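The structure is given below, and queries will be raised subsequently.
To keep things simple, chains are lettered A, B and C as they appear, and every chain counts its residues starting from 1.
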Amino acid sequence: MFERITRLRNQEPLVHNITNVVVTNFTANGLYALGASPVMAYAKEEVAEMAQIAGAVVLNIGTLTEDQIEAMIIAGKSANQNGVPVVLDPVGAGATTYRTSTARNILEKVDVSLLRGNAAEVSNVVGEQIAMKGVDSGNIQGNHIDLAQKAAELFQCTVVITGQTDVISNGEDTYTVSNGHSLLTKVTGTGCLLSSVIGAFLAIDQNHIHAAVVAVSLYGIAAEKAAQKAGTNEPGRFQMEFLNELAKLNETDGPLAKINHLQKEAHHDRL
Amino acid sequence: MFERITRLRNQEPLVHNITNVVVTNFTANGLYALGASPVMAYAKEEVAEMAQIAGAVVLNIGTLTEDQIEAMIIAGKSANQNGVPVVLDPVGAGATTYRTSTARNILEKVDVSLLRGNAAEVSNVVGEQIAMKGVDSGNIQGNHIDLAQKAAELFQCTVVITGQTDVISNGEDTYTVSNGHSLLTKVTGTGCLLSSVIGAFLAIDQNHIHAAVVAVSLYGIAAEKAAQKAGTNEPGRFQMEFLNELAKLNETDGPLAKINHLQKEAHHDRL
Amino acid sequence: MFERITRLRNQEPLVHNITNVVVTNFTANGLYALGASPVMAYAKEEVAEMAQIAGAVVLNIGTLTEDQIEAMIIAGKSANQNGVPVVLDPVGAGATTYRTSTARNILEKVDVSLLRGNAAEVSNVVGEQIAMKGVDSGNIQGNHIDLAQKAAELFQCTVVITGQTDVISNGEDTYTVSNGHSLLTKVTGTGCLLSSVIGAFLAIDQNHIHAAVVAVSLYGIAAEKAAQKAGTNEPGRFQMEFLNELAKLNETDGPLAKINHLQKEAHHDRL
């Protein structure tokens, strides 16, 4: 599975991001480090044209404006018409009514290939409070799997719920990934960049769930390596080392992956 | 006083920033490093809701648009109605008429808890050229104290004037802080981030002047430590180390503080 | 020629950037590191006033909006009226119709002093596909020289085409510069920052072509030094070291310059 990183570097897919103002620079640098080719284009006059030539389109609602929502829908529809996969990152859905309704609005008007958020964001988009009920981490984990499967069925797409353990599901198949490091939560935009990195892997691969599992795992592996170089309390150093490690990822990193494929029945038994 | 940093880390206050496009990433990473929880939300459709759940709202006019000014006033009024402290950073007031009048417009419509700028910015907002008259640094210093006190009385808020020596006044009480390092002036957004860091301390503390004094002093201490690690001419390295040092701040740093409490009468004698 | 870097540090020219959301932070930090004074101001209510007091205005179309285009034209005209040099960076011209037409629109309405782009961008603005015909690098190089001279004559300005070898021409005089490092292509905004750095040098120098040649060469020298400190596959580290090296540039770096002055006739012979 991990030969995908080599393929990605050879193909240098163009990833068209319509993203928030906090993370644009980090997203572009992360995609460059990975070996993809980032472009940010937001004007409604140009997004259809840009989405058409892109390998993937990533829509991120972190800092919304009415103009940007309009541009996202135009870009998403253009991507749909041209067979370009679309990733949606519903940043902060649930924090304000506006974000929740915008995420749903996009999901209604655009065929989203993959939805990536934390459990709170995804459950708010779904409209259920599943993931928020439990306080015990084991229980929450179970809820995340349910939530990912429910969201995947509802929106007919692949869903990635990130957390201490990440869950990836397309409704049929479900995986968990346990790579990563807590320093990722001390650097802004690491979730947003992951959405764009997943976009880069979707751009080179029809098998969206495998592409997403590899992307999530490699991303976490880069974080683990970066954390070994930075001190435990050095978010500035970690950010720099993380970009370095994204650039150094290669297919020999496969053995570091912590991927678990859930059997649908086995899982239902377990719950 | 410095137990506040521990309290802040435990409470992880949500700081709602409406800030300029130059510093969003650095502001978010600085707040994360400190132990606060940053959020950027600018749409007028959502800012009232976000300000309501925030621990503090920080308004920064560094790159203005009409939409953003409208959002700032909505967010500020929502914060006022919900008892959430508001910090205003009048970036570039005096450089253009538009910035000066926008800063005054916000101060008129929103009850600002704390105003933070350099002497030129604050004096332009006040409408007097006090700080600009002197060229001798001792004299300027005296002017900064006058200016801070006058601004505090005029706007009925706490005022922080940053410079080689920082002045903090609420009109009654006045402090100077001499921590910091000249490399702070070689990295963009260090003033803006300080405004947001002060916001994080106001979020956990009713005593605004003490909170601001501690915030300004700790911020300077982190800069001093970062400068010891970076070379004297290494702004790139300094920026990284500064984020690390914000994350490493703790209450045992108290003895490094260089804080001076001015007696109102003594000060008037001195002038 | 390289005494200009000392002069720049002494004068600290104010560079007014209207630039894209991806690179604002890096641009500001790069200009600070160099010794210039960056300002970003985008509101149409203030850009004329800001451009008037600036040493140079840099217009960058990387993430366009209609409001920003309007602001760019107002700022450009104000700069023209006040004798302030204007740099245009036509990011992505050719990638979408909107970008190409916006770049041309600005060139029509504003007297641009210097145009900086890669060969694809400049050829699209010119409206010819010269640089895109060849695939052999020697041939492309020849085409870049032709293209720079043609663009310089067409727009009556200095043109900088960056690539493995950079070409600088004002139609009469043409130079090539071979400093730089491939890691520059792995960090977002290095082209945009170069445009702003050139702006800083134009601000202190009536001789635009000499100023541009020195700026391009010194920028490449800083990259070469930064690459010696970073590993070959460390874009995160490179970005940090590059800011450090911009701060450390000085006139004794002259001997590292790889500048070639083309004789007009000799060049035509060669072609």
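Keep in mind that, in the parts below, a residue touches a chain if its C-beta (ideal position, glycine included) is under 8 Å from a C-beta of that chain, and two chains touch if they have at least 3 such contacts.
Computed from a predicted structure; not experimentally measured.
Undergrad: Could you give the fewest steps needed to travel from chain A to chain C through chains in contact?
TA: The least step count works out to 1.
Undergrad: What's the call on chain A versus chain B, same or different interface residues, using the half cut on shared numbers?
TA: different
Undergrad: In whole angstrom, how far does the Cα centroid of chain A sit from the Cα centroid of chain B?
TA: Roughly 34 Å separates the two chain centres.
Undergrad: What are the residues of chain B that contact at least two other chains?
TA: In chain B, the residues touching two or more other chains are 21, 24-25, 239-240.
Undergrad: Which of the residues in chain B come into contact with chain C in the complex?
TA: Chain B reaches chain C through residues 20-26, 62-66, 92, 95-99, 185-189, 231, 233-237, 239-240.
Undergrad: Within their complex, state which residues of chain A touch chain C.
TA: 21, 24-25, 28-29, 32-33, 38-43, 45-46, 49-50, 53, 67, 239-244, 247-248
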